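Shared between the two complexes below is chain A, which has chain B as its partner in the first and chain C in the second.
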Partner chain A sequence: MKVTTANYGDAIVVRAAGRIDQSSAGEFQKKLTDLVDMAIGSEKQIVVDLSKVDYISSVGLRALMVANKQAKPKGVTIRIASMQEVVREVFSISHFDKVFPTFEEMPKALQAVSALAAAAYTDED
Partner chain B sequence: MRIRFWGTRGSIPTSMNADHLRDKIGAAVRAVIEAGGDPDAALDALPFHMRGTYGGESSCVQIETDGPEYIICDMGSGARRLALNALGKHGPGAPQVYNIFQSHVHWDHIMGFPFFIPAFIPGNVIRIHGCHDELEMAFRRQQDNPSFPVPFEFLGATIEFVKLEPEQTYQVGGLTVTPFRQLHAGDSYGYRFEKGGKVAVYSTDSEHKLEDQEETDYFVRHFRDADAVGFDTMYSLADATSLKEDWGHSSNMVAVELCQMAAVKTLCMFHHEPVYSDAQIDQVLAETRRFEEISRGDGLPLHVVASYDGLEIEL
Partner chain C sequence: MTDAAAGPDETVAGEQRPEDIAPDLTGISGILGLWRGRAVGLAVLALCLVVDIAFLADNPLRRELYDLSQQLMPRPVESDLPVVVAIDERSIAEIGQWPWPRTVVADLIDRMGQGGALTIGLDVLFLDPDRQSPRHLADRMADPPADVVAYLRSLPDYDAELAATIARWPVVLGLGGTRTGSGVNAPVRPYPIAFTEPALKGLLTRFPGADHSLRQIASAAAGQGLLNAIEDPDAIIRRIPAVAMVDGRPVPAFALELLRVALGGLLTVTGKDGRIDGVQIGDWFVPTEADGTIYVPFSPPYASRYVSAIDVLRDDDVALSLDGAIAMIGLTGQGLVDLQTSPLRYRAPGIDVHAQLIEAIHEEYHVSRPGWTRWLELAALIAVGLILVFVVPVLPLRAGIPLIILLLALTIAGGLFAYATERVFVDTIGVAASGVVIGLAMLMVTLLIANAHRRALGQHLQRQREERARLQGELDAAREIQLGLLPGLDTLPDISAQLSLAAMLEPARDVGGDLYDFFMIDDDRLFLSVGDVSGKGVPASLFMAISKALYKSAVLRDIQDIDEIMMAANAEISRENPNMLFVTLFAGILNLRTGRLDYCNAGHEPPLVFTPGVPGIRLVEGGGGPPVCVLDDFPYMADSLDLAPGEMMLITTDGIGEAMNRDGDLYGNERLHGLIDGMGADMLSDQLQQTLYEDVKRHADGAPASDDITIMALRWMPPSANRG
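Our next item is the complex of A and B:
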């Protein structure tokens, strides 16, 4: 699993790639919680781009939930975008789709953050 | 070895009310009329939630072997029907030995005992096994004044409490039994039962997070190659990691992952959330089976069933 980040206006985009499971969830969680701290400090929002993630296990989802618990009380929303079909199914089976706002495409997730974030994203891609 | 489920509901017994039952009958009647032909065949073809019910008794599971002694996990409200069945089979005049294994002494797991008729009948031997120091106190206390009219001392059977140690192996009723400690407020214990090459594991009221590899390995070791595992799948993963985190119960997804790691053959979803309707449990079952397919990888298929009051599984 690999995690990269990018900033678009007031959105911090987290791009994960590969499998988020037992072997990588710890690293994923550390990265997420650091980014949530950053988002809280800079009044930004988080969008997690899962387009390159082939699979997420229960520990991977748990990592997202840990980050969400840290983010939500401070006004930071974690949005999930571009899930592959299998990952989308896992989100539905786990009911994580009831906890996290999910978006089919990145531009829509960024629009939900702000017009500024959406514009910055469009300019770059 | 055969597993008989007498109570499969978590936390508190529940039942359908008149409206729920009317809705169920209405939907079944309409579907049978629409199908036409033989009504019994049409009824049998309906999904389980339309033609049956998961039931609402709290935890009680029997493990039957060809031996004469009873092996029972937990004394939830389902124990009442088990007792009636046993008395119907042997009659009240034929003393039996009942070996009971307690996961823990939360109320939903002991509340059937005051209604366990064999306990009233002299000649019966009831051995209540468990790893908790409070085992005997909890059973006695629930029958103390003013909670129940019949005090424990009044019970006519010979009742013994047997303290077990986790990780130790015991021979009881012709079975090899190994208790192991689980993750629940005040602790709970799972039991691995083995006989003639068959393995059944009873593991309820345990909250698995799978974050700590050593802890995960411990459970995988106790589940290893089991023919069937009864497992606490009370909550969705989202609930188990947020609102209901540290409430001591697990999810269907964690159940599948643990059983896959341990190469278990059949997962029996157990300790169902009392607010779930039959249709909801059916849906959770379908989703759990789908998750099993998604997460299987190169491993062997894991058969998934949702236990219900009255289910029998032959191993």
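Our next item is the complex of A and C:
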């Protein structure tokens, strides 16, 4: 798994790639919680781009949950965008789609953050 | 859930490969272990170099190797230029005790000269006047008559006769350098020696003085040469100074002076830049070492270079055989002379060494040890040392000794090869000796490191065993917590008339935190739940226990609706969640009388509902929310379904769907649905559970389960249906 980050206006975009499972969830969680801290400090929002994620296990979900428990009380929302079919199914069965706002595409997620973020967004892929 | 939550408080002991285990090398052993012991090896190599340079320029081992070279490859005698006229035991038996009257010696010289000898050398010193000379008889008489004295004084003087004879022939006398003191008699004249550079004199071997023959005799000779050899500590003769400094004056060696007298002219020491190249005698060039010495290449004992003095005196043929030879008179008779030991270990009279040197010069058989051999030796020492330092640590220990022996043999063989082909003596035994020291040091260090490694490995294995035992203990505890909390069917009142219920849970090796529960709320209503904690081991099993207990307490607090129960339990469990785990849970309340099921699904897999023997499976969807503890205030909404009589419900955890075989293939929903479709109409819950469990195990085909397997099956069979 690989995690990269980018800033678009007041949105911090986290791009994960590969499988988020037992072997990679720790790193994913660390990255997420660090970014949440950063977002809290700078009053930004977080968008997780899962378009390159093939699979997410319950440990991966737990990483998202831990980040959310940290972010939510401070007014930071974590948005999930561009899920592949398998990942969408996991979110659906576990109802994590009721925990996080989810978006079909990145631009819509950024639009939901702010017009500024949407304007700043460029699809690097 | 398939994957365990690796929380910060969970540590799983990973398997370490043995080579990754660093031995605890501290203090001195830390230095030994540095760079696999090579640091020590390099230090020993450096020490060997220092010792070699500072102390071992000349050493017994080197002399042994030199002697071995000569013993293996002795000089074959090809020259018959020198002949030794031996004053041997037979001559003494005929003529009388040595010293002979000098007239006899003069006769011998005359016979040799007449025989045609090129030059005549005398390895004999005439230090005092001849006492047997008749004119000296008067000196030994007590009060002799004056006329007797006068008569005796008129008789011939033996010394004068010898001097006259010597003057007739090209004769070279010997002189013996002293260790201390100026010696007997004074030199009679400067020696005809020139130097291409005056500074070369400073390189020569020095003697404080020398014993000379009587001035009367010496001044008649054509030349005089030094009889001394270089004295090695073991008293074996290996070198002779071609030219030496005696009391500040250069003196040629006896052998070279014989050649000079034969060839005529000067003897010139050549060389430059503080190094002597050799000695020029007429057209002949005799190469020497930088200090003007010559290694004498010895032949095996060679009797043919000797003739007996008595034969020269008595036998014309023998005398004539000396024609063109450099003939040297020397003492060989027992008790007359100190025998010298050669590198070939035989003992020979001193004259033999001079004869052999003349042979070698004549044959141009030249053994040398040029200055560059020293550098070659040091370079070889460094090369052998580096090979050992770098190769020994990566070789198996048992290969170390053979490697050392191989290098030792190769270097010594290299030295012998250089002698065999170039007659250059290279001290490879010093190299080999240093190699042995370095090699043994490396072996020792490698052995020490290997021992340390073995100890460290042993300790590591012990720690691993302890860790595994501890982990196993924890897992056993987790399993006990998990299984101990599950209700048995015997905790229920007899409801078999309305419901066939079966439930099972098989923990995976590292305990996945699955749970199920069921109990009667009142006479008609059965609470049931199946859940899966997102974690493994003790934390998961404890969380499972807390979740189960809090649910039950919510139910028992008389909360009626399943969504209320869900929310209450969610809020309470969320407060007891230090590890931030979550649990997916399907929970419902089944009315046994009506078949109505009110349920909530907190992120769990939807259960399946079907009628055995009738195609068609429906998923129990709806009533959904995220897993318990993900959002502590989530408003769960209940849903409900009505079971038809005879309908069956199957609730599992993902330990079923995600059960893998060794190839990584999942059991999957398709196979599950196929299994259900193939069931007979009279299938009971425990049969379904057993069939499904066996099918999952068949699929796994021995692959260990990575997650708990939980199956709950129920079939509602109301009394009316039974009756009908």
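A few remarks follow.
Throughout what follows, the second predicted complex is superposed on the first by the 121 of 125 C-alpha atoms of A that agree within 3 Å, B and C clash if a C-alpha of one lies under 4 Å from a C-alpha of the other, contacts with A are read in each partner's own complex, and residues count from 1 in each chain.
Convention: a residue touches a chain if its C-beta (ideal position, glycine included) is under 8 Å from a C-beta of that chain, and two chains touch if they have at least 3 such contacts.
Nothing here was measured: the structure is a model prediction, and the numbers come from that model.
In this overlay on chain A, chain B clashes with chain C. Look at A:86: by the touch rule set out above, it reaches chain B but stays clear of chain C. In the superposition on chain A, A:116 makes contact with neither chain B nor chain C. Chain A residues in contact with chain B (one complex) as well as with chain C (other complex) are 22, 25-26, 57-59, 61-62, 65-66, 68-69, 93-96, 98-99. Note for the complex: chain C touches chain A at residues 1-6, 534, 580-582, 584, 601-606, 624-627, 629-631, 634. Looking at the complex, you find that chain A touches chain C at residues 21-22, 25-26, 57-62, 65-66, 68-69, 93-96, 98-99.
Only residues 22, 25-26, 55, 57-59, 61-62, 65-66, 68-69, 86, 89-90, 92-96, 98-99 of chain A touch chain B when the two sit together in their complex.
Put simply, chain B touches chain A in their complex at residues 209-211, 213, 216, 236-239, 241-242, 251-254, 257, 287-288, 290-291, 294-295.
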